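Take this structure, written in structure tokens, and hold onto it; I'll ask about it next.
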Amino acid sequence: MSTSAQGIVERLRSILGLAPEAPVEQLKGYVEVSVDPASLRDAAAKLKAAGFDHVKSVTAVDYPDKKQIKVIYHASSMLDESLSGYVVGLATSVDRDNPTVPSLSSIWVSAEFQEREMYEFFGVNFEGHPDLRPLLLTPDVAAQRPLRKDFKVVEEDDYLKSTYDEYTSTKRWV
Amino acid sequence: MGTEGSQVQSLPGMQVHPLKKNLYEVAIGPAHPGSGHMRILVRVEGDVMVEVDPDIGFVHRTMEKLSEGRDWMKNIPLFERMAILDACNVTLPYVEAVEKLLDVDPPERAKYLRTLLCEINRVASHLYGFGIFGVFLGHSTLYMWAFGDREVFVELAERLTGARLTHTYPMFGGVRRDMPDDFGQHVRKAAAYMRRRLDEYAKIFLLNPNIRSRLEGVGVVSKSRAVELGLAGPNVRASGVRYDVRLAEPYEAYDRVDFEIPIYEEGDSLARAWQRVEEIKQSLSIMEQAVDWLEKHPREGFVHEKFWKTAPPIYKKVYAGEVPYAGKYRVKMIPLYASLKVPAGRSFARTESAHGEITYYVESDGKDVPYRVRLVSGSYRNVIAFKYVMPGHRLADLPAIYGSFDYFPPEWDR
Amino acid sequence: MVDMVTPYEIGHGILRYIIFYPPVYQFVIIPGLIAALVVAIFIIWFERKAAARVQMRYGPYEISPRTGGATQLIADLIRYSFQEIIVPRTVDAVIYFAAPVAAVILSLLPLDAMPLTTNPAFWPIPMDYSLLLAVALMTLSPIFVMAMAWASNNKFSVIGGVRESFIVTAYELVAVLSMLSVAAAMSTYNLVDIVQAQSSGLWFGLLDPLAFLTAFIATLMTTSGFPFEIPDSESEIVAGPYTEYTGLMYGLDMGAAYIKRWVFSVLMALIFLGGWAPYVPGPGFVLGYLVPSLIVSVKALVIMAIMSFLRAVYGRYRIDQALGIGWEILVPLALAAIGIGFAEAYFHVYAYMGVMALAS
């Protein structure tokens, strides 16, 4: 559990050079810093220079009612002992219909495969990514952007409903 | 094996990539004796690998999407299937993250029980990794020995939880049941047996000159490169980086037991193999210490009061041992869990599993199903090493490097 | 008056001219095809049992528990015989079918150049250069493995075939050199004289252990024995040249590998372990031909059993490491073995035993 919340929050503010009213929240288990997409690369470079040397996970969360997709980079440090107990979540929110986020894989190489996964599941376009293609899914499934909230998982019945002709046209048994 | 200029039939969704002249593409594919459930597209020039492209996703079971439609409690068996060898380690961060949202701290006894099972699973998982490593190098003896010895620990887990692999042991607020009375002697016997066997493993595998020549200097990952790529688990500790979640952010009972983190400097495949052997030894000592503590302290609660007080009296009688056969009364889960509503919030938790570091990001909006669960496992973070470490080595080094990273495809694909 | 042919003479004729006719006997019966198959079955069973004993398990058990699973291999053989042979469409059909058959035949051919007794009536090829001929014939079969790999039209097979070609080049050289060191020591290429020279218990394997060691390692290498199981290494290139073969064709491929190992072992038993040495062949078929060949076969079986035990201990070398061992370590050792042979000839080691008179 991250203790001494104030210490890390102050340190982050000074690293990133943020104004005192900029949102840095101490949540349960990590500290979230929200920036806008234009200054994302800048903030990431400053964090890396301060010692946060790898990304643990890249998450995208879909908020259909706010019409936003929020992308969070959870970064921490392996080499710096004073920082390795803390996890920083660098978050940005982008528009849901055309989400574009600058890619951080040139700064943190560990984010490369995770950004590919967020691309295929949410449709978030990472600009500047060297190799943006689907990682887990086949292209026609990835085109439906499965992890968005408007993709409903259709429960399959024990009995097949479609005929063979429908299968040959859509290549999918339902 | 089409050549340049041959006519290929075009199917929907097919992509054609032209290849450079001297590169020969070999697909170490999903139906290959040495690949696990993934495909590695290797482009070789002669015998030297030039480009390696891991093509994963053959075991994708859409766990993140499924978790958004299930109750909080039902997600624990779902996430367990990610790396079933390591069941406690893999579901523990989820349980911890939700406990942070619920503001519930499990009792001491539950923490020690979770630690005990975590270490049993860690040893079993490392032995499994050794077995697969032996098969990749053609050494069938290590494979048979490792899987035979793993039975000892799988049976220990069965005594403790009732199931060989699918434990589902940690719950929100505690653990599912307490340990049997004679468990301590079994743990000590198993630890003594394993320590003897590790010497024999060293003699036949790690000090075998044949295997040493295959592993020494192969797949070297330097310290800065390991941190830059974000590797996790024993792989990064074998490159000289002193990082372990159990040290950096201690969870459960790890700040009260005495153990060391072995570090190796070389960063090659042999160092990774030795790292796992040393970790097994440390795990055995943690298991013994946890069992000592558990035997000395009285059997008080193993689930937090908030949940325990809602249980019907028959549950309390069964768990106190006053009822001989619990199945007659259908004692199952404490009913509060079935309709658990977690307060809104966002949390993040991480533990150290055998393959690496597992992190969960859990977001709740007050309902009885999660809003978003994002999980990143150790193997997920290690797969990037295939792309960056393997080129420059010979084709026959691919199984050596693959096996030494202890990559587990279901853990990546989720 | 026409001489009536008695049944005794018919029987004698069949025995003399068909069964115990040396080229047929040695190619088909002992130590030929039948003996090779029986030995292959026994050795595969022994390999599995010995490895199982090391690996804390039982090995073949279910089929006939009282004999320790000995008939498991017969069951496997029957299964191979009835399995469907699936021929891929993209394969070069003529070579695909002809290469394994040719490999088996050519692997057995050196047996026809080795005399197994002192009686000149039972020599397949009566010549003074039998050692040289046997060693030369042993180098014929690898080309067909490469033909198999090419005809299979599969990337893994091609990689396996290329590895096989590299290995064969290196290790045939070592095998030939180490087996010719006996000629240096005894100044003769005649296998009968070589075995006679060892009849007083002075086996050549004891006098020149370097040659024995290099010949043993070279045999392991050419026939895919651990730690050198490179052309058909399962976890890297599926089954190498044998990937596209199923059913009885696969059985033929595996058989070719074991038959080659058997032939090498027979030659090594003749050269290094004294052949039929303590036994002096008498007249007639049984005492003069059957028994010496059985003695040689038993000695060859011991060599093969040692090779199959190594499976439980070693992993697999990488191709460039194996080639490094071959060219940098084993070729100089084989040349040193020839040097030791020359030294022994200089000091008349075998002449002291009063055998040099035979050769001169």
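Structural remarks
For reference, chains read A, B and C in written order, and residue numbers begin at 1 within each chain.
We take it that a residue touches a chain if its C-beta (ideal position, glycine included) is under 8 Å from a C-beta of that chain, and two chains touch if they have at least 3 such contacts.
Bear in mind the structure is a predicted one, so any value in this text is a computation, not a measurement.
The touch graph of these protein chains is an open line. No other pair of chains has as many C-beta pairs in contact as A-B. Centre to centre, using the average C-alpha position, chain A and chain B are separated by 23 Å. Computed from the mean C-alpha positions, the centre of chain B lies at a distance of 48 Å from the centre of chain C. Computed centre separation for the pair chain A/chain C is 63 angstrom, with centres defined by C-alpha atoms. In chain A, no residue touches two or more other chains. Of all residues in chain C, those touching chain B in their complex are 51, 54-57, 153, 155-156, 159, 226-227, 229, 233-236, 238, 311-321.
Residues of chain B touching chain A in their complex: 12-13, 56-57, 60, 62, 64-66, 69, 97, 100-101, 227-230, 236, 241, 243, 248-249, 345-350, 357, 359, 361, 363, 371-372, 374-376, 380-381, 383-384, 388, 413. Residues 1-2, 27-30, 32, 53-57, 59, 61-62, 72, 74, 78-79, 84-85, 87, 89, 108-114, 121, 135-140, 146-147, 151, 153, 171 of chain A are the ones that touch chain B when the two sit in their complex.
Partner chain C is touched in their complex by these residues of chain B: 1, 24, 26, 32-34, 47, 134-141, 144-145, 148, 204-205, 208, 210-211, 213-214, 394-399.
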